[in-house]
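For reference, chains read A, B, C, D, E and F in written order, and residue numbers begin at 1 within each chain.
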Amino acid sequence: MATFSLLVTANPHSSQGQFSAIQFAKTLISQGHILKRVFFYADGVLVASRLNCPPSDEYNLTKTWAKLAIEHDFELVACVTVAMKRGITNAAEAERNALTGDNLDPAFEISGLGQLTEAMLESDRLVTFG
Amino acid sequence: MTTLYILNNPDLFQQCSAVLDENDGLLLIENAVVLAQQLEPKTAGFVLEEDLVARGLDSNGSWGNKDYDGFVALTLEYDKTVSWL
Amino acid sequence: MRKRLSIIFNKAPYGTQSGRELLDIALMAAAFDMDISALFIEDGVYQLLDNQQPDILHMKNHSSTFKALELYGIETALVSEDALIHRRLSQSQLLPVAQPAKQNELQSIIAQSDFVFML
Amino acid sequence: MATFSLLVTANPHSSQGQFSAIQFAKTLISQGHILKRVFFYADGVLVASRLNCPPSDEYNLTKTWAKLAIEHDFELVACVTVAMKRGITNAAEAERNALTGDNLDPAFEISGLGQLTEAMLESDRLVTFG
Amino acid sequence: MTTLYILNNPDLFQQCSAVLDENDGLLLIENAVVLAQQLEPKTAGFVLEEDLVARGLDSNGSWGNKDYDGFVALTLEYDKTVSWL
Amino acid sequence: MRKRLSIIFNKAPYGTQSGRELLDIALMAAAFDMDISALFIEDGVYQLLDNQQPDILHMKNHSSTFKALELYGIETALVSEDALIHRRLSQSQLLPVAQPAKQNELQSIIAQSDFVFML
């Protein structure tokens, strides 16, 4: 039994990487391994918006990550610097930056790059999906 | 240490191949699976079966087919993974 | 005179959303009665493979729309012979919606177009 | 004097295309040409979020488009289908889709792909930045 | 009709070159300007000066330098533009 | 034992944000006392060109951070000799922060790393 963390940098709207990451996450969990944390960086953070609204007959990546994380107790962390730049913000950061509104899905948290480094040090494997 | 390279962009095959050591492996995923019909692997070469099926493709036989269970297992057989972007 | 639009598909499907989002442009322009050509070159020829099953990865299958191109009023659909040969693909593996074309035919269509889109 | 429209599909956060499109727009206007419409498609629509918050010493693409469009009276139109999928929504679309919040910058409007086709037919040149 | 191809991705140079007719032009912008040091143009070839300067680069002289004023003018000299993506 | 991390730069600057966002990962990992190598290969060697002026296009210049790599605790910075030759670039055109390295040296660094990032 191994502990995994994932680094997801793939754009959820124009590439396949987030689909691949979810499939990989489901599979490792089904094999009895542990998923500690999924860290979203670069365009990967775009999946953390609760306003993402694909057509109703299509897969909702944001809700799929949220459901999976709650069921299997792992963390969904978006890097704060790249998230703010990309218009992904929680209420606290919105207020600090005088933005009118927020859009972070409640299953995700915003934090620093240190959470990636920690995931590297505390997991047996880190796999990147870009 | 041995490395599993994971390639998803067919345009970067030459770049990625240039750094492969003989004990390293290469796994083709996403749009890079099209290469499994066109090329031979230089070292241990694998292709993600679900991504082939999604596109209506087969491997040419010289790449080892891996499903997602095999993908997870591969990441543990090698000492680390490098996603070539 | 009707304006001529070419849409060039040069990437395999699903790894990027470009095929699907280009297709939406083609369908919209057809509704405006433009004269539209769909050109499949390089890895774009994989867009036309028969028997795609992206649903196993929870992705939407847009290849059925290619079957309906003519229905939507898109009468010219060409696939690069060179691209097929280079990829060891035969016409019989593809949806029967595009005619094989040589490089100079493709260039001629592009030359005669008023607009050309890629993504 | 010519009439231009632009099609912008470039990701504003991870590529240069929107910087190039703005520079091109400024230049054609300075030469006395007319810019009719900038149509945002694919990842290009991400620039239409008023929550985009780059570091304060960096160029804010959203505000730059907005200022330029107001000064020179051209339209900023984001394609509705790809915008909703990417979490870019105005209040009306948010309500229709039961989303909790909206983020469209007021200088931009959301409309259909027909606005691209119309721009093609009513401009002397359409230039794409992807 | 003549076409001005606009290329911003150096990895797609071969693809784009394959469709160029003799009366067409090719303008290198963004990351594709690095090609202006390495290659010769097949037909009329241009490179965007601001993108060279931004990267600390020069052209090798066989590509015509165009600033943004020249870029806008080029799009009017050719009958249409194709952004090769 | 200190974990070893390699960051591979393989794209020219400004056309994509990858150089800058990779650099941020390197700086953060250095603060955690990892043993970090920055490797410049393929078009990534252009990241090191002297005299970059992206500010003329309103883009942020991140090349000054490369000058401070050592200061941040990143002691190994290697640039591919093959990549320079292929691009007709000489070491003198680059910021004096990276040592020229042959392909097998670069491969050896990657092989010895616990983690490798690209973007």
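Just so it is clear, contacts are C-beta pairs under 8 Å (C-beta built on N, C-alpha and C of every residue); 3 or more make two chains touch, one makes a residue touch a chain.
The shown structure was predicted, so the numbers you read here are calculated from the model rather than taken from an experiment.
Minimum number of contact steps separating chain A from chain E: 2.
Here chain A and chain D face each other with the same set of residues for the most part; over half of the interface numbers are shared between them. Chain pairs A-B and C-E differ in how many C-beta pairs are in contact, and the one with more is A-B. The chain with its Cα centroid farthest from the Cα centroid of chain D is B.
Averaging Cα atoms per chain gives one point for each, and the point farthest from that of chain F is the centre of C.
Once the centre of each chain is set as its mean CA position, chain B and chain F turn out to be 26 Å apart. Between the CA-based centres of chain C and chain D the separation comes to 26 Å, rounded to the whole angstrom. Centre-to-centre separation between chain B and chain E, using Cα means, comes to 34 Å.
Residue positions 9, 13-16, 20, 23, 42, 82, 126, 128, 130 of chain D each touch two or more of the other chains. Counting partner chains per residue, chain E has residues 8, 30-31, 50, 80, 83, 85 touching two or more of them. Among the residues of chain F, those touching two or more other chains are numbered 14-18, 57, 59, 114-115, 118-119. Those residues of chain B lying in contact with chain C across their complex are 8-10, 30-32, 34, 37-38, 50-51, 53-57. Of all residues in chain F, those touching chain D in their complex are 14-18, 57-60. Taken together, the chain F residues at the contact with chain A in this complex read 3, 5, 17-18, 21, 24-25, 28-29, 31-32, 34, 114-115, 117-119. Partner chain F is touched in their complex by these residues of chain A: 7, 9, 41-42, 81-82, 112-114, 116-117, 120-121, 126, 128, 130.
For chain A in complex with chain B, the residues that touch the partner chain are 2, 4, 9, 15-17, 20, 23-24, 26-28, 31, 33, 124-130.
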